[in-house]
Structures are given as C-alpha cells and as structure tokens.
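Got a structure for you, written out below as structure tokens; questions coming shortly.
Which chain is which? They are A, B, C and D, in the order written, and residues in each are numbered from 1.
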Amino acid sequence: MSKISVAVLGATGMIGQRFIQMLEDHPYFEIEGLYASERSQGKKLRDVLKVRDHVYLDDTMDRTIEVMDIAKISKSCRVAFSGIPSDLAGPTETELAESGVAVFTNAGSHRMDANVPILIPEVNPDHFESIKDQPTYKDGGYIVTNANCSSTGIALPLVAIDKAFGLKQVFVSTYQALSGAGYPGVPSLDAVGNVVPFISHEEEKMESELAKMLGTYSGGKFNFAGFKVMANCARVPVVDGHLESLVLDLDAQPTLDELSKALSGFRGEPQKLGLPSAPDQPVIVRAEENRPQPAFDAMAGTPARARGMASTVGRLRQSNGYYKAFVMSHNTLRGGAGGSVLNAELAKAKGIL
Amino acid sequence: MSKISVAVLGATGMIGQRFIQMLEDHPYFEIEGLYASERSQGKKLRDVLKVRDHVYLDDTMDRTIEVMDIAKISKSCRVAFSGIPSDLAGPTETELAESGVAVFTNAGSHRMDANVPILIPEVNPDHFESIKDQPTYKDGGYIVTNANCSSTGIALPLVAIDKAFGLKQVFVSTYQALSGAGYPGVPSLDAVGNVVPFISHEEEKMESELAKMLGTYSGGKFNFAGFKVMANCARVPVVDGHLESLVLDLDAQPTLDELSKALSGFRGEPQKLGLPSAPDQPVIVRAEENRPQPAFDAMAGTPARARGMASTVGRLRQSNGYYKAFVMSHNTLRGGAGGSVLNAELAKAKGIL
Amino acid sequence: MSKISVAVLGATGMIGQRFIQMLEDHPYFEIEGLYASERSQGKKLRDVLKVRDHVYLDDTMDRTIEVMDIAKISKSCRVAFSGIPSDLAGPTETELAESGVAVFTNAGSHRMDANVPILIPEVNPDHFESIKDQPTYKDGGYIVTNANCSSTGIALPLVAIDKAFGLKQVFVSTYQALSGAGYPGVPSLDAVGNVVPFISHEEEKMESELAKMLGTYSGGKFNFAGFKVMANCARVPVVDGHLESLVLDLDAQPTLDELSKALSGFRGEPQKLGLPSAPDQPVIVRAEENRPQPAFDAMAGTPARARGMASTVGRLRQSNGYYKAFVMSHNTLRGGAGGSVLNAELAKAKGIL
Amino acid sequence: MSKISVAVLGATGMIGQRFIQMLEDHPYFEIEGLYASERSQGKKLRDVLKVRDHVYLDDTMDRTIEVMDIAKISKSCRVAFSGIPSDLAGPTETELAESGVAVFTNAGSHRMDANVPILIPEVNPDHFESIKDQPTYKDGGYIVTNANCSSTGIALPLVAIDKAFGLKQVFVSTYQALSGAGYPGVPSLDAVGNVVPFISHEEEKMESELAKMLGTYSGGKFNFAGFKVMANCARVPVVDGHLESLVLDLDAQPTLDELSKALSGFRGEPQKLGLPSAPDQPVIVRAEENRPQPAFDAMAGTPARARGMASTVGRLRQSNGYYKAFVMSHNTLRGGAGGSVLNAELAKAKGIL
C-alpha cells in the first residue's frame, strides 16, 4: 500500500519539527514537502533551523530538503499538518481547506469555529462527524484541530472519570513547560529561578475547550458539556512536560481504588483501532507518593512510536468530598504535533483521508 | 529602656539564621546566646555555618560567637526563638516552657496542641489569650507557634476576604521554594528543570492550620472555622518565595474592584500598634497581568525592617462565580522566622513578655 | 553645591535601569531626563518598562517621568550616561560628543577608537588624559567607555597582580550570567539546565580590551600591554554575576600568601579620592574552599553605594609554576552602569566635568 | 556461546544503575546479582531505589530482584562491576581481586596504585598489560579502573591530538553536571541559579590521571606523560554531561582543519575490535558556532548501545599560538559505568576474562 503524501506547514518551528520527527518512518504517511514562512523559504532545512531547534531533529535526518513557500503546496498533496503560529494560521488553513486539503492543525485559530472539531481520538472520536458539515468537505478539504496543550493533558483522565463517575467541577492549576511558548519564547531572565503566573489566554482556552470536547456534536452543532472549569495557569522552569494539579467535584463518590482503576483501565477508539501513534494505555496511574514529575513522566507511553503520548496521573487523594490528583503530559507531543498525527491516523482508519 | 535578652535555638539552620538576621539591631530584643544541637555546640558560629548557610548572614556579623548546648540556656534569658527542626522541637520546647521561658517557635510540633495558638498578629491576635490557659503560664513559660510557610502566605489575604465577604471554600495549589525544605534539603537532581508534586504533610497542614487560625478561641478551646480548604502542594526550582494559586468560593459576590480594595486596605493589630517588623501594608495588590513573581515580589514589604513580611496578590479574576488569584509570600521571613519575631513583638506590646 | 544634570540614554534597557538605580540620591549627579528609542519616546517610564525590567527599579521610583527622544537632549545637560545597545550606540554617541556632551558609555562601539579610553579608575586612571586628544574635547565633548563586563571583573585583580609580580599570560574561562545578554536576551530553552559555550565577539573583546587597559597612553596613542590573553567564554544559567577561572603565568613566583596580600591590599585612585561609588576594598579575597559564588559574591562591595562594585577572588592555588584562581564580579554593576558612573565621578574629581 | 555472569556492586547508586542499564541485553555479559550496602541488602530493588534514581531504569526492568550483601557474591561470578563510592570501595575491591574476581571499577580508590591501570580502550589499551603484574592475577583476580569523569571526556580528543601533533600543556576549565556528585549529592540551594567553583580533589585527579593514562607501562611500572595539566573545576546546574574548555600548547602548529580531521578521524582499539559499547566515531567534531552543549551533545554516540560514549568537540580556534576548544562528554556513561563496561569488553576480546 502506498503511503499518503503530507505537507508539514511551519516546519521549522518547535511543533513543525515535532511533526517531522513523528512522521519519520510513519506507516501511513510520508512527507512530501516542508513549508514555512517567507523568511525561510528557498533555503535548505539545515540553514533554517536555529541551533536550538536541533533538539528534536536527529542528526541523521536529511537536512538538505528545501523549505518551500506555503503558497506552492504540491497538487499531489491532499493532507497538511500545520504547526503555523496561531496568530498567522487562520487564513492560510482556511484557504487550504477551500482548495481541497485536509488540514490537521495545532494552531488555535479555528478551534472554536462551528463544525470544526477539537479532536482527541480517545476523548471525542464522534466529533469527527462535524467535518462533514464544513462547507469545503464536499471537495475533500476540511480542518481538524487538536486541543491546547494544557487542555489535552487532563482531557484524557477527565473523560475517563466523567464516563465512570460524572464530572461536575474541575479546579486546575498548571505548572507549564517552557517549550509550550515556542522558540525563542520565554526570556531566560524570566525563567531561571522563577515562576510566571500568566500565560496569555491559556485559562480561557482551558475553560472553553474542555467543555467543547467533552460535549456532544448533534444537529450540526456542538453542545458544550455542563461541568465548570476554573483554571490558574503558570509557567515554570521546565523544558518539556506540563504538570497540572486537579481538584474534582464528581457526581458519584468512588473509592480511590475505583478511581485509579477507571483511569488505568480506560481505553479509547485509537487503542481499539490500533492506531500507530496510540499509546497502549492512554492514562498511566503511578502509586509513588511523589509522581508524576516532568523529569520521569513527560515521555510516558508505549510502544516506542507512542512515547510522550500517554498522560500520567498520580497522588490520587480525597479531601472534603473532593478528589485531588496531579497529571503530567507532554506538551509538544500529545499536546502538540502528536495530537494532530493521531487525529490524521483516525481519519485514515475511518476512510476519510 | 533596656532590651529583652533572647536565645536563638537551632541557630545554625536556615530559620535560625533568619532569626539572627531579623534580630540585628532590633528595638525590643537582643540576642543573649545562640544554641544548637550537640554536633554544633562548643564551636564558633563561623565554624558551624555551612558555606551555603552564609547567605543569610552578613559578613560583618560577629561570627566568633560560640554556639552553646540548648540545655545550658542562661537563667537571665526568659525568651527563646526556636528554629529547631519540627521532628526534634517538641520535647525541648515543652521543657523550656516548663522552666518559665516564653517560646516563639517556627517548628510544627505544638501547632495543633490545646491552648497553643498558631499566631499571625494580623489574623488572629485574640488567640494570644490561649496561652493563659497553658499550664506553664503561671510561671511565665508558654509556647506560641507561627503557621506553616504555605499557610501563612495566604492567611493574610484570606482573613481580609473572610472579614469582608465570607469565605466558604479555598482551592489552593502551591509553587513552593526550595528553602522551605532547609539545607541540604532537596537534592539538586530533583530540582533542576523539574517540579516535585509532593511535600510531606504539607497539604494536611494547610487544610487544618488555616481553619484553626481563622477560627475563634473561647471557653478554653479553639473552634475551627467552617470553610473548607483543598490543597495541592508542589516544589519548584525557586530559591525563596512561595507562589500559590487560589480559587475562592465566597458568601458575597463582590466586584473585583471591591475585592482589590478590601485586600489592599486591610490592616491588622501590628499596623495599629506600629510593631517594628510589621509591614505598613500587609497585603499588596499588583495590577500587572503577570505578577506576583518570586523574582520581584518575595521581598515585598516596607519599611526596611519589614522586607519579606508582606503578601502580594495579583491576577484577580472571576470565573463561574468563583474568584481566582495568585499570592506570593516569603517562606522563611513572613512564613518563618519573621512570623515568630512579629509574634514576640505583639507579646511585648501587650505587656506579656 | 548644585548637582550636575545628566541624561540617561537607553534608559529602559537593563543597563539603563542600572544607571537610574545608581544615580538615585547621587551626591554629584541628578537625572535631567530619560532618553530612549523611538519605540519608547513620549511614553511614561512605567508604560515603557517591560515587566521583567522592573527588577532594578524600586517601586517607589517616580515612574511617571516621560521618556524622550535622544535627539531632544536638553541644552542644559552636558553629561550623558549611555546604555544604548552597542550596535546602535556609535553614531549617536559621536554626535553627542560633537555637540559638546561628555558621554560615559557602556556600549562597545568606541572602545577601540583612537584617543577613546576604556577606563577603570582603579586600573588606568591616567588613560583619562587621552580624551584631551579627542577632536571634540576643545568644545567640552568627549567619549569615555567602560570595559566589557567579563574584561572588567578580572581587570581589577589582574592589575594588582601585574603591578606586584608582572603578568605574562592569562588563561581565562568564563561562566557568564544571563543578564549580560540583556532582555529578552537568551531564550529560556537554551538556558535552563544547559550551558552555551559561545558569546558573540566576547573572547576577542577580552583578548584586546585587557591589553589596551593595562597598556599605556603616551604620545597621543595607546600602547598595548605585552601579556597574552587566551579566553574561552560560556553562558551559564545564572541571573547576575560573572564567574571566571584563571590560570596565570607571572614574571615573579610569589607565595600564595603574598599573592593574596597583593590582591586584598590593592587600592586605586577612586579609593584615594573617596569617590562615592568606589568600594573601600576593590578586590576581596575569600579563604573558603568553595567561593566565590554568584549567589553570595555578586553584590560584594562596601559601603552601600558600592554594592556590586568589588571583585571577589577565591581558590588561589599553584600548579606547575602557574597560579590559579576564580574571580567573581557583577556584570551589570561594576561591569556595566556602575563602571561608567565611577568613570564620571573620577572626571568630576579631576575637574574635567 | 554462553554469556559471562557478572555482579554489579553498589547497584542502587547512580553509577550502579547505569551499569544495570548498559548490561541490559548485553552480548557478552549477563547480570548474576545486584549487591549493595547493608542498608539495602535483603530488599527488593524496587524498594531500595530512591524515587529519583528511577531515572536510569526503565519501568519494564525487573525490580523484584533482591539486592544482596557484597560479602555473599556467588562463587559462579568471576567478574564484578563496581559502582561503590570511592571512600568505601578500596578494601572491598582488593578483597574481591584476592578471591579471584576481575573487578572493573568506577571508584577512584585504586587508580593511582602500582600495576593498576586507568584504562580507556581508545587511549591506552596496552596498559592492560599491567594487570598481569598484579599479585592476584595468577589466581584470576585483578582490578581495572576507569578514569574520573572529567578526565575521561577530554582524554579521547587529547590522545588524538597528542599522537598527531604532540601535547605540551593543557589548560582546562570544567562546567560539570550535577549527576557527577551522585544522589542526593549537591543541595538544590547551591545549584539553582548558581555555580560552585569547587569539586573536592577533582583538579588533582585531572592533573595526575591524564598524565598516567597518556604515559606508558613498561618494566613493571607506569611512566607518566611529560605534558602539564592546569585544571579549574566548577559545578553548574546541568543534570548530565560535562562541558570543558581547553587551551592547548602543542609541539606542532597544525591548521584548524588539520586539527579537526585528526579528531574526527581518530579511531582506537575498540573500533577496530568492534566492541559492543564502542562508538563508531569516538570524537565528533561540530562545526556550529555554539556547540557542544549538554542539552544536545551529552548523549552523542552511535550505534544505539554506544549512546553517551562519544566525546564531542566544538569551537576549534587559535589564539596567540595556542589552540582552543570546548569538549562535551557524558559523565555517568563514558565517564562512568560505560567506561568500565567498555574495559570489560576489551578484556573479553583479548581473552583475559
């Protein structure tokens, strides 16, 4: 079976590089071309990549590939992964969809659009149906977004809990990694030995995206879930991996053991379908008293292709009728490029690509 | 007026050194002697201090003072400040109180004892009355504790809010500094580029101490406040200063402006009495979108003697009927030695010393 | 005696703010105006300052001062302190000198110019004579530069050693702080848990500036010193304070005790003249086996106005006929704004202002 | 061919765990047992490992293996890898050698002993002959040490340079990672935002070990190399990977291109023999202006089994007749457990095991 040609947009940024990394030797997809802003186009990849950016790209990778103008996406390429910065992505992605391209994007521009799903295959695979109501769908073009990185990490355990015990309220505080701000991103003078309790629009995103994802799609529109989210977001001096503290108000009152089992036993559509980038166990529960930690748990997930695709939950506790936990997930893999790759794998499995 | 002679116990530790620092040129107190464990006693201060510990002690300080055995506290010394580690402090402090010494301690050993107050002069000055019910009081000895560092920082804004608008529930997540674990404390391999979502017994302390402090003392016992606290505690790679995220459920529904005014206008007993280490404004409200931060706000507080004694609140927001904020305070000053020094100043002003 | 009015150029940057801080209540100077780039001009200082930048400026400072266009420097102002970035400073500073302004600058643009001294008052006060050979001097205008931050820190101990024992070769490796790169400067992803062994042009600057400063000025030109400097420069995750390792080849073979005494006993012109920002002891020698460290020694220097103006030397050792040491100095105080302020104080004392 | 049974001593420490990791699926060796101090013995591995220590051990590893008393090493085990702390290793390793065990150790206790080689297979494979002069050799027991971590990293490039151009003097400053101090090791309060310019005995080790390794073994004794080493050692807030700055005085005056080729073309005995943990290219030269860096280059080395076994050199420069460079290597792999494993592989290939 021949592989599907895909374009990577915003290929030189942190998310773009993660796309390149996750698409290496991919069983379904092969990279047709790398596309980036005017500033980069016409140059070889190796000349474009900032030194720091190398982190994601193995030295063995072919860096002589030329980076091209997004306007020149090959006609043979009907699928695009977008790592374009959110403030620029909107019109470009719309145009691509209109010209018949299936766009899987990490950008936030279209997340709240009508008929555009914020898709996490374990969480709301049925939301995929919404793309059929996008005006460009009849010509093969559509847009699928993945959620914001801090929403994604907790969405996996939250959906498992919601299904089993009913979610009423979510109090979440984040300890977010620096890579979430891209490169150059956060100045080191703000990061070293410090915490910055502000990430622009992050709390608003968490409070709305989770409700959209855990809601339903019917009658041509999204019906948001009824639970409330109260978010406090902060940036900590960690390179990769978002840690989040949770206090949950539930309908039922499970024991901690029941809660733990519901989390670790949770499986979704990607696991049933055996998608290549799906972790065998999407939510890992750790019993140690001091886990999860970025240093150990950011890259959780098996098999090898699914490293960084599992969420890790630890420190399950009860307090005054509430449930407490810490959750860890990788912000540029599961919460970034990996999320969109998994979405495209689902589309392929469903025969929509 | 002659100054009151005081002993500093656990003088070589991080809190002990903060006591020495805060008592330098103090208008009420003068250090009679430094006392520490067997390991240190009989040595000169400069030989005892670990290199790192120097941080708190100015080079000009007299380091030839001898560190003495706690058992040998001078008879002329009726006041002691204790920075003894909590796991050792209990019996020593009890013995001292029994021998007629007024003990102002940062250790946690006696915080939950009957008739022993957890005192923050702006929060619960009337709890001082409880010492009169301590069996040793008639002979001049008693124990006054200050609260745990992470409880202290939010106690100041919480009491201001509780008085004005009524507190029902507190959801708090902490971003705690490394100095809170003492020296050597947290291994650097756990701290650099990492967050550890566990501090032994910290969450339990926050959930109980705040209720005790914001409660009342009457009829010879403490009546805990009725609001609930749900705490998640984590250690971040910051040297000094605890940041805490809050979500509050209030009886009233003030505007953010009313909330801000209640916080910045809050004054307590120490301000009225003009105690030397009391900050002019105990709760500072910052309007910037990204404050408070450890790098800028840990040392908040005026005048000079009160540096590190104010709490800073920022990012006041509303969400789904709840109020959100971040709070910053210095964990070894207001949340440590400074707390006990202020308690002793209150005792002096009340004529109990 | 009325104070001399001075302008601060590049007032909103990290060095500019250090100028403002060091000129507060200065006995010789008072700020006439703050000047900055087009981007800032016409705004109030408080609106211009990036949040991080607040670090240097006390909250009590008057932030309502308007920041003005450099082109509009008041006629009443004959002295300017320049914290303009080096890549922009050149022409502006030349123009100011031509219009009769005495410019004391931290920028590197003119450091290697003929007749422009790189001045450290303890090191080469006689180089001040060179300004009289600047073409603009007759009309009162001239340029005095301070050295690069990593050159400055070791220049103080090196001159003391050179005078006493003769310097032949200097092998230096630097551990430079992040503030040396300004704000936003180094991206946090490059800094957290990492070291970057490259700072553009830094090694070349060290190798040439030290030879110029420790040389002589005679016959209208600078004669560079004969010793060689071999520098390796790296950036480490430290906020303030450059640490530097030294291996020295000397003409004489002093004992370590003689070396230590030559360093701690060293005094220069600023000490003799009692300049306001001069440290009583410009080179401090620490005997502890693990000092100097950024955390403890960056702010070395007494009295209060001279904090961060002393260099600290430690770990004096001998090996194979060479001498080894570590040196610590503050890169934006002595190695930045403080250096230029001290230069202007020397000018004042010499009656040239 | 059956594998050789080996014991891992000090199995629960950082080096011990690296031994376990490097011996997983090893083609020559299989772990017979894990041995550790009294404190650990009799417990399951999973109960012994401190949480942080998990970092090196994959979750899939069998953690139910019991940790045993070193005194009880199985008779069937004739090879031991020692990760025992240097201050305890001496007598235990001597005893084992006396009882006929071949000991490959990372401890420093015996490095300077007569007839005990400090072995790096690419550097001094002929030093292996010295073990035949150890008194215990006739009964099959002997001790082979690997070098100190900071000596190892630069030994690879230095031997390549020495062979081609003759080494006269080495000026080295280190930027050493925290893992070099073990766990708990360096307190976080000394590490975060700081540099400590002192590592006990490290400079002395570098100055003597390199001369021993690059010398010869003949006539039953080691003849030290004639070049001089002047070392300055410091600890920086990096988790893994030592960076070192070099200034070299050479006999010849090669061009930088010749120097680069001598380094990247260097191959040693392990490459010729195809030893399993040998990197294809032991010294990698990077052309980028800001490499090597811990974040990117610590794990250098191919194939997979040799990750962290190559040294990376960058920033080759000339200055005043000297050569300058930065070198990066992994301190607990090539500079720790990996060094001893490679030594044992060489012994196996030479038929001495």
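Heads up, the rule we're going with is that a contact is a pair of C-beta atoms (placed from the backbone, for glycine too) under 8 Å apart; a residue touches a chain by one contact, two chains touch by 3 or more.
Keep in mind that what you see is a predicted model, and the values were worked out from it rather than measured.
Across A-C and B-C, it is A-C that has more C-beta pairs touching. Of all chains, the one whose CA centroid is most distant from that of subunit A is C. Once the centre of each chain is set as its mean CA position, subunit B and subunit C turn out to be 40 Å apart.
In terms of their C-alpha centroids, the spacing between subunit A and subunit C amounts to 47 Å.
Of all residues in subunit B, those that touch two or more other chains are 190, 192-193, 237-239, 290-291, 295. Within the complex formed with subunit B, the residues of subunit C that make contact are 51, 54-55, 192-193, 239, 288, 290-291, 295-296. Against subunit B, the residues of subunit A that register as touching in their complex are 171, 173, 175, 190, 193-198, 203, 207, 228-232, 234, 236-239, 243, 245-247, 289-295, 314-315, 317, 319-320, 322, 324, 326. Of all residues in subunit B, only 52, 178-179, 183-193, 237-239 touch subunit D in the complex they form.
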